[in-house]
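Input: structures, listed below.
Two complexes come next, and they have one chain in common, chain A, joined by chain B in the first and chain C in the second.
Right after this comes the complex of A and B.
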């Protein structure tokens, strides 16, 4: 009787172990598939880079080899000497940096006022921000263009920058963080007769330094990647940004693929580097702004 | 006390000033102007006559507007739901990895999302190139052994651009899904496996219902984003029959910048704006209903 019970429980253990083993096998298979799909997802980027460092003749006759026979940076030299990519780079950096700074400064100030101060017109500003989430910027291209034409700002840095300053998410995220700073900090500072500007710059902003970093990084990436507005606002080659220039300017390249891939790599490099360095901040910023949209 | 109040107002004014100036000049004013312009026959730059609802009647009956609407709807259909499902699948796969493996795999999926659209366009345009493109290996068997231009063959155009768009943007959705999956307590799964619930039952009874709010968020964010599609569709259609694959924003662009019809372009913009407002309000209601439950 007792041996029977024992053997039954043993059988159950063996049975469970047997059930666990194939499960583990499935687990390994799943991991392998995941890794393969991840590689496949990365492959187009790899392929663009590899194509850009092949020689022209290899690009079209190499039978699609995954590694260049001979490393050649001719494509990079070619786009550097034959296009205005240097100028586009300057334009992109100046406009993206200006957008980042202006958005962060104006948003932080507005968010502090909304969070900590009582003043007439608060509700109006709230409604304005909410309305902003609903109006698609793509619908405003016509009137942004008219407005910038009236200001004589087409084909200037300012013309590219101004319509891109509408980023309501930043204000809401800042406000949420300023709301969560304990009131005691402000009251203590006010006891020491510190003004609001001092409180903002010495307490609220430093306490939320991580948020500022995350928002600044994501704003910069967004401005660097912007296509539609810079494409409309900059019609001359001299004021184009990198993403616009590399798709709009075609010169008589001959075999173009290597050169086009070189320009793609050069255009994507700054944001790719920023992402790889500040991975966690980028993720944080995306989660924060998605949370607001929800 | 009264002086304090006045000083508070002054501080608020200085802090809010830049915002009011920027949003007033670059958001409120253009929005009002857009509505005004839509009732005139003005060219892109310059004055026009008041024509009341004429533009609206014209645009709503315009065949190209209908194509633009249906092409956009088709693009939304091809991207939003497939992207959400693929992203959820990948998020679950990534979520069960640990340590450096998870970080590396996530980076592979996320990297495309932070690249400019031009880079995405150039890269894929090279991959699907008729003459030398790598993807022709997969295309040929479906085309009688002949290479085919995926962006010049009209029926293949939208699915191709949708595929590229999913590859480009799924990193964002995967991120949201992983964040959602992490909030599900592992104890629920442990309890389920003690009851010897299989993988499918665990998914259908635990993961899917608990991740549903995130799924709704992902779906609605994408829906509104893809309605405003311009960049990829425009870039892939350069040199092709653009009217056949035109989308709503592209239609606005064409009216305003290629045909110099400012009033009609503004009308199309107001219509797009109306669609998005309706959807945003629906989204808001949907998400609020979820919150109240």
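Right after this comes the complex of A and C.
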């Protein structure tokens, strides 16, 4: 009884406090601006989806209706039946997954060595990795192309994958985390007869599982969305990835907005699903990549 | 089980010397405590025995094997770390099994050893929990359990009690002593806490400033400190030091004048030069008595129940601590006389070398 009375009186106090509080105009204005920016950001996605489910005639007839007169999935059926999108999906999935696994494993190994082992040239190597930030992928693209051509890896999965394995930020983020692990864990594992590979894979990576998940997700999304290098490395439809493949939709059928938008929606769907499922991890990964520990 | 022998072991990080020609012989089954202030090199020495730090010069032998060039896992020792270093993503059982799995021990044998250690340390019900689900004391036991299952020649314990609260520390200390009695394996324990050292050790290695100051049983260290450093470091409250004004050889022993008092005891005579000579007296050898030779004014009283610690300022300004009965009627600011028990006194020369009254 006394608890009920107390909670009622507390609720009344909170209500009164709410009523008495002056209006937070700045807060309301900021919320409104944020809402507008969110709507502006979402609108292209909405427009792509709506356009993809309109009929071709409605799309080209002009008039910017925000809702289709008739729902039509003809564009989706068309790109599924008239393009190699299934193959592109497989290519994208295989290359993105391979890039993710290889980047995570190699970055973790490199970061572990730089963080935990004492060997000559360690600092120089770390500085070189940091320096990689200053060289954009585009600056190396000709070298990559020539190299892959010499190795006869153009139009192969390996040719798409190999140049995309250079991700210094992953090494740096891992190193930061490994540096923060007390060295006693490594020493305890050494006393327990574990070699460095076992220490990395059985102790350090599981202890930093959160950062591994975050980095894996952002690496996968980056690899899935990669366009420039796969566009150059895969000239045949058999090895094209989804972002490269959807350019074929335009080439084959001209400017057909409905089909283009349908292929864009299909291309972006896996990334959108991954983002929706792992929203927190993706945000964490972006913060980590920016040098801020989440 | 095996003896551990250190021969002229030295260690330096660049130009900074952290250990300088340390030698000792640890007998099989002993409970050895490395005691010393922070930065004296005791943890480094333990880590060198473990193989976690390289030896710059000298040799380390465990049993009949020279081990200072071997990796940690081949030295036959197990270590308990200050922060326990339990793998947080593994259960207690997995933590304890990890080392045995790595050396390819049979699964049934691993299970037997883990269960036996768990029974001995009373952590059986916790085997499927993770370290985060355990209290500090339980984690400490798991860390010891992880060491026990390896059946090492020696346990190396690096300040394992320092993360526990005061009550738990005392209980765990007792359990550790009982565990040593039960398994009888050599234990080397690093601490800066003299109470832990005095209560646990078969022998204490007192270290200071890169070197071993003294090795001895707890009572040897306490009663016959080898140097002024050992005398000051071991014992609570610390030993009183009073500058000596004159010494005289008499038929009944060496007559020492200090703090306005004269005492005669059978000191081994220092070189005869009074310069830098100090008289050391434990507080329990300095008792309040109306006819006491040492006179001064009470600066502070610490009532501990069973006894009272009396802080006295002597005429020359030296502050000493003596003892009175628990129900002392003394008051701060009053004059007091302290009687000296000559047998409990020590002389220290300018280099800190001790001469005992015996």
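Everything below uses one rule, namely that the second predicted complex is superposed on the first by the 244 of 294 C-alpha atoms of A that agree within 3 Å, B and C clash if a C-alpha of one lies under 4 Å from a C-alpha of the other, contacts with A are read in each partner's own complex, and residues count from 1 in each chain.
By our rule, a residue touches a chain if its C-beta (ideal position, glycine included) is under 8 Å from a C-beta of that chain, and two chains touch if they have at least 3 such contacts.
Every value quoted in this text rests on a predicted model; they were computed, and no experiment measured them.
Engineer: Is A:32 touching anything from chain B or chain C once the two structures are fitted on A? First, second, both or neither.
Structural biologist: Touch partners of A:32: none, neither chain B nor chain C.
Engineer: With both structures placed on chain A, which of the two partners, chain B or chain C, ends up touching more residues of chain A?
Structural biologist: The partner making contact with more of chain A's residues is B.
Engineer: Just checking: does A:77 make contact with chain B only, chain C only, both, or neither of them? Give me first, second, both or neither.
Structural biologist: neither
Engineer: I'd like to know which partner A:272 touches here: chain B for first, chain C for second, both or neither.
Structural biologist: It touches chain B, and chain C stays clear.
Engineer: Examine A:194 and indicate which partner it touches, taking first as chain B and second as chain C; both and neither are also allowed.
Structural biologist: A:194 contacts chain C only, not chain B.
Engineer: With the two structures laid over each other on chain A, which partner does A:133 touch: chain B (first), chain C (second), both, or neither?
Structural biologist: first
Engineer: Given the touch rule stated above, what does A:232 touch, chain B (first), chain C (second), both, or neither?
Structural biologist: first
Engineer: Please work out whether A:45 is in contact with chain B alone, chain C alone, both, or neither, and reply first, second, both or neither.
Structural biologist: first
Engineer: Quick check for you: in the superposed arrangement, does A:101 touch first (chain B), second (chain C), both or neither?
Structural biologist: neither
Engineer: Tell me, which parts of chain A touch chain B in their complex?
Structural biologist: 26-27, 30-31, 33-35, 37-39, 41-42, 44-45, 47-48, 51, 59-60, 64, 102, 105-107, 109-110, 112-114, 117-121, 125, 128, 132-136, 138-147, 149, 162-163, 165-166, 171, 195-197, 200, 221, 224-225, 227-228, 232, 242-244, 246-247, 257, 260-261, 263-265, 267-268, 271-272, 274-276, 279, 282-283, 286-287, 290, 293-294
Engineer: Quick check: in the complex, which residue numbers of chain B touch chain A?
Structural biologist: That would be residues 8-9, 11-16, 18-20, 22-23, 25-31, 33-34, 37, 44-45, 90, 93-94, 96-97, 101, 103-105, 107-112, 114-119, 121-127, 129, 131-132, 134, 167, 172, 175-176, 179, 199, 217, 221, 224, 227-228, 230-231, 235, 238, 249, 252-253, 256-257, 262, 265-266, 269-270, 272-273, 276-277, 280-281, 287 of chain B.
Engineer: Which positions of chain A touch chain C when the two form their complex?
Structural biologist: Residue list for chain A touching chain C: 182, 184-185, 187-194, 198, 202-203, 206-207, 209.
Engineer: In their complex, what parts of chain C are in touch with chain A?
Structural biologist: 50-52, 71-73, 77-79, 81-83, 85, 87-89, 98-99, 102-103, 146, 150
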